[in-house]
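Below are two complexes that have chain A in common, paired first with chain B and then with chain C.
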Partner chain A sequence: MLGTGILKGMVETAKNFAGSYHDPERLTTVEYPEQRIAPKENARQFPMLIHDTEDPMKGLRCVACQICEKECPPQCIYIVKSKDKRADYKGQMQFYPATFDIDISVCMSCQICVEVCPFESIKMDTEFELSNTDRFGGLLIHKEQLAKSNEHYRKIHPADAAASDAVLAAEVAKAQAKAKADAEAKAAKAAAEAKAKADAAVAGTVPAPATSTAPQPTSPPAAPAA
Partner chain B sequence: MTLQDLTQAMGKPTFQRKAEVIGIGREGELLEVAMGPQHPSTHGVFRMDVVLDGETIVKLKPVFGYLHRNHEKIAENTSYLASMPYTDRLDYFCSLTNNWAYALSVEKLAGLQVPERAEYIRLITAELTRLLNHTCLAGFLLQDMGALGTPLMYAFREREKILDLIESLTGARMMCNYMRFGGCRCDLPPGWVDAAKKVVAEYSKFLDEFETLLSGNEILMARTQGVGKLSAELAVSAGVTGPMLRASGVDYDLRKVDAYGIYARYPFRIPLGTHGDVYDRYMVRMLEMRESLKILEPALKDIPEGPVVDPKAKLRGFRPKPGEAYGRIEGPKGELGFYLISDGSPNPYRYRVRPPSLINLTVLEDMCLGQTVADAIVSLGSVDIVLGEVDR
Partner chain C sequence: MAEVFQAIDQFPVTLKTWLLGHAAGVMPEWALPLLSAALSITPILAVFPLLFALTTVIERKGLGRIQNRRGPNRVGIPLTNIRLAGFGQFIADGIKSLTKEDIVPRSADKVVHFLAPIALLIPVLLTYSVLPFGRNMVPLDLPQTGLLFFFALGASTELSVFMAGWSSRNKYSLLGAMRAIAQMVSYEIPLILSALTVVMIAGTLSLSGIVESQAEVRFGFLHSWHLFTPWGLVGFFLFLTAAAAEANRTPFDLPEAESEIIAGYFTEYSGFKFAIFFLAEYLGLFAMCGLGITLFLGGWLPPFKFLGFIPSWCWFLGKLVALILLFIWLRGTLPRLRTDQLMGFAWKFLLPMTLINLFVAGLWHLSVTSVPMTVRWIGGFALLAIPYWLLGRGFEAKVGKREYRFAN
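Our next item is the complex of A and B:
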C-alpha cells in the first residue's frame, strides 16, 4: 500500500522522540559552556613547551635545536637560539631558545613537532578555548605563554607523561653513570700515573718521555664532562 | 589568422554558434544559471553552470578549483613525512583512508614492511571510516532532497560514536594524521578494542533503524529511482570507481582486486546495483556498511599483540632510493591512489593524487541531461564528493 513506508518511518521518529525524554542512549548532546565532556587522553590541540623548575623560563627543556622548526609542515614555529649556554636537567651545558614563537593561526595541530623532538620538550596541550580579539599578535604565542609545567602535562596525558619521565630518568641515569665512569677512569689513570712516577723514582732513572706525555690526556676528558 | 578565418576553420560562423548557445530558434529562451559556489546543496565550493530549457537541463558544466591549495606542489617541496598531515585535508571525512593510501605508496617506494598489529589497526580504522562516510552521505543525500534535519541528525549521532573512537585513538576527530610509513603512530589505548566492539555491535541496530526510516520511504523512492542514471559502459570508460561504479553493476572493488593489507583474510561480499540510478547508489552504500561490519567484527577479535611500526622506518631523514611507486586503496569514495617518484632526495620528485571524487564528478553532465534542477542536486549528492579532494 502506498504510504506504508512513510508510516513506518514516522513510527521510527516517534520512538526516537519519546526516547529522548527518558533513554540515556538518545540524550547525546551536552549543554556546552556549563557541561563539559572530559577530553580524551590522546586529545591534542596546540603545542606547549614543558618546563621542570619553578621559574618557567629557566627550566625549559628546549635546547633550541630547531628540529621542530625544520620539520613543521606549515612552518609555524620560529626559534632564535641563545648566545650563551646554561645547564639543563642533567647538568649538561646547552643552548636555550631566546625566542620561541608559534603562530597558532597557522599551526594545524599535526603533532609532528612532538614526534621529532629528541628532548621530550614540546608536547601537545588540550586547551581549546583560545579565541582572541587580536587576530595578529593574539594568535602569535610566545615562549612565556607556551611554557607549561610538567605537572600540567602529567595531568592531561598521564600515560605519555609517564613514558616521557621514564625516558628522561634513563637519560639522567646514563649521564650519571657516564660521569661516574669518567671519574673512575680519571682516578684510575691518576693512580696509574702516580704509580708510574713512583716506579720511576724507585728506578732512579729519568724516563722523560713517559712523564711528559702522561699529564696531557688528563685535561681533555674534563671538557666534555663540563 | 583573423577571427573570421578562425571561425571558418571551425566550420561555423560566430553568430550561428552564439545563436545556438542563447537558444534562438527554440520555442522559449534558454537560461544559463550558475548554481554555486555558494549554493548550499553543492557540498562546498563547487559550481554547476547549468543551461536550462524551462526546468530541464540541456547543458551542465562543473566548475571547480575554488578550494585549490596546491597540495601536490607543496608535497614536492616538503619531506615525505610532512605531507602526511596534508593528506588528512584531501577528503576530510575519511582522513584515515587517505593516510593509508599515502603510507601504502611510500611503503612500496621504500620497501618497508608493516607489522601484523598495524595491519589490523589499519583495516579496522579504514572500515570505521567507511561506515562514517557512508552514514554521513546518506544523511546529506536526504538533506539535499529536502528532508531537513531528521536523517542527517540520526546519521551525525552515529558518526559521533565513531569519531569518539577515532579521537581516543589518534587524538583528533577529523585530522587524524595517524598512519606512518611502516605502521601507525601509536598503539591502541587501553580499552579501545572493547569500546570499538561495542560500537560495531550496536551499529547494525542503527542501520536497521535508518533503513526502516528511509529505504522503504515512497517519497525517497519517487525522488531517486530512475534519476541520474549512469550506464556501466560510460562508468567504466570514464574511470568511475567506488560505490558509484558498483551501483552501475560493475563488480570492481580494490579490496578484492588488489587484496591490499589483510583484506584477503576476511570474507565479505560486494553489493552491486542493477539500474545505476541514485537509489541504487544509496542502497549499495547501505549494504556496504553491513559488509564492513562483517569485516570489523572478526578483525576486532583477532587483533594480535606486537609492535605497530616497522623498526627500520625512520621518522627524520627519510630518503627512499630513486624509483617510482603507485599505491592505491579502495577509499569510501572510490580508488584513491598516490603516485610518487623519488630521486633519492628527502622530498618526492613528483607527487600525484588520484582523487576518486574528481574523477567520479566527470560524468555528472551525462547523469543530469534532460532532467530537472532538483534531480541534478540529488545526482550530485549521490556522487559523494568532498571538495577538499576535488580541488586539492
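Our next item is the complex of A and C:
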C-alpha cells in the first residue's frame, strides 16, 4: 500500500539516529583535530619534489626538463631552469630548477605531473593542513617547501616508493654497466691499437707515442633513457 | 494553585495590558494602538526567528545522526572552551552571512533582485498575525476571514519566488522559480481543500473560533481535536503533505534541488539576502505547521483535560517543535520526487483524496445525531481507506528489472 515504504524508511532512519548515540561503532567520522585516522596509502593531495641528500636544495632529483610544466592541465607549475649544471644521483651533469613553484590554489591533484616525469622526481604528498591567511602568496608553494626527502616518500606511500626506488636502482645499474662496457670496449680497443703499434714498431718504421690513446674517463650519454 | 497556573498561562497578555496601562498616562492617544501592535509583534519577531536559528542546528545534528555522523558540536561560547553541544553554531552562521560579500549579477534586474527576499519575508511574517498562539493570544483576530487571510498571504509568496528567479538572469534560478510556481499552484488546492473540512465542521473562518470548536471534552478527559475523527486524521496528513510541498521541504524540494539546479531560485543570492530567503523559508514552514496545529491538533489545547495546567502557549510551541522534528525526520528519510511524479501526486492523488475527505466530513456532520458512533467511525474510515488504496496503487514504487531501451 502507498505509504508503507515511507514508514519502513522512517523506521530505518530512526534506528540509525538512536543507534549512533549508544553504539559509537556506527559513527563513520572522527572529531578531527583531536582525533585522526591513520593515513590511507592511496591518499594524495598536492605534488612534492623528492630529494636524496641531506641538503634538500642540492639533492633534488628534478632536472628542470619542464615536461610537467607543459603537461599540467591547469598550468599551475612554474619552472625556471638553472644556468649551470650539477651532478645528479648518477653523477651525470644536469640542469636543476632555479625556481619551481606550484600554485596549490589552482592544482587539482590530478597527478599528471607525476605520471609524466621521467626522473621519479615529482610525487604526490599527503599533507592536507595547508590553510593560510594569505590567499595569493601563501598558496604559491616554492621549491623549498616542495622538497621532501625520499624517506618521507617511503613512509607515506611505501609501495610506490619501492617501485620508484627500483626504477632508479635499475637506471644506476644500467648506467654503471654501460660505463663498464664502454670502459672495457675502450680498453680492448686501446690494447688492440697498442698491439698494432707494437707490431708496426717491430717493423721498425714508425716511432709513434703509443701512450697517447690511453683510456680516458668515459662520459655517460647526455641524457639517460627513461 | 489554579490561579498560579492561570497567571503563567495568561502572563504575556497581562504583561501587555500592564504595559499599555502605564503607557496610557505618558503617551498621546493616537500612539497607543501603534504601541499595542508593537507589543504584539515583538514576541513573534523574537520567538520564531530564534526557533528558526535553533532549528537549523537541530536539523543538522539530527540529519547527521541519521547518517551516523555527529553533526555540528563545536561552536559554543566564543573565547571559552564551553561548547554547548554546538548550539552556538547559528550565531556563527549569522555573523558569517552578515559579513559575506553581497554579490548581484551584473545583468540582474537590480531592483527586483533586491526586493525579492523582502517580498518573501513580509507576507510570511504577516501570516503569523492570525495564528492563535495561546488562550487569548492572537495578535490579529479576524473573526470573518482569519483562514482566508492566511492563505491569501501564503499564495503571495509565489510572486516573490518568481521575482527572485526572473531577476537573477540565471537559467538555474529561472528553472527553480518555474518549478516552484508549478509546485505551489498545484499544492495550494489540496492544501486549501483539506483545510476546508475543518471550516465546514467548525462553521467559522476565524482561527481562534476553530480552536474553540475543539475544546469540547469527550469521555471526561479527551479534548475533541479534529484529529480524532476519520476525516480529521486523513485531512491532517493530506494537509501535512501539501504543507511540505508549499514550504519546499523534502521530498518536495524540487525548486531548490541542489543536486540538479544548484540552489534553484536563490542561486544568485549571497550573504544576508540568502539568509533572509533561508529564514523566510523556515518561517513559512513554521507558519504552515502552526496552521496545521490550529486546524487539526487543537491549537493551544492540551490533548487531555487533566493536562490543562500547562500553559496554553507551551502546548502550541510543543506541538510546533514536534511537527518540525517530524519534518526533519522526513527530510533525513525521503529522496526527492521527480517533477512528473510531483505533479501526478498532486492532481491524481491528493486532489481526489481531499475531495472525498470533504464528502466524508459532510456525512460525518450530517450523521451526528442519527447514527451511532462506531458505525460513523467504521463507515468514515472505509469511505477513506478504499479510495486511498485504489488511488495509491499507481504511485507505489515498482521494483523490477530495468530495461534500457537504447543500451540493448
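Operating definition for what follows: the second predicted complex is superposed on the first by the 184 of 226 C-alpha atoms of A that agree within 3 Å, B and C clash if a C-alpha of one lies under 4 Å from a C-alpha of the other, contacts with A are read in each partner's own complex, and residues count from 1 in each chain.
Heads up, the rule we're going with is that a residue touches a chain if its C-beta (ideal position, glycine included) is under 8 Å from a C-beta of that chain, and two chains touch if they have at least 3 such contacts.
Remember, predicted model here, so these are calculated numbers, not experimental data.
Contacts of A:2 after superposition on the shared chain: both chain B and chain C are touched. Once the two complexes are laid over each other on the shared chain, residue contacts for A:42 go to chain B alone; chain C is not touched.
In the superposition on chain A, contact is made by A:14 with chain C only, not with chain B.
In the superposition on chain A, A:128 makes contact with neither chain B nor chain C.
Applying the stated contact rule after C-alpha superposition, one finds that A:31 touches chain C and leaves chain B untouched.
Between chain B and chain C, B contacts the larger number of chain A residues. Judged by the document's definition of touching, chain A residues 2-3, 5-6, 9, 12-13, 16, 28 lie at the interface with chain B and also at the interface with chain C.
Across the complex, chain B is touched by residues 2-6, 8-9, 11-13, 16, 28, 40-44, 67, 71-73, 108-112, 115-116, 124, 159 of chain A. Residues 1-3, 5-6, 9-10, 12-14, 16-17, 19-21, 26-29, 31 of chain A are the ones touching chain C in the complex. By the touch criterion stated above, chain B contacts chain A in their complex at residues 78-79, 81-86, 88, 150, 154, 157, 160, 164, 167-172, 175, 177, 185-186, 189, 209, 212-219, 221, 315-316. Note for the complex: chain C touches chain A at residues 62, 65-70, 73, 329-330, 332-334, 349, 388-389, 391-393, 395-397.
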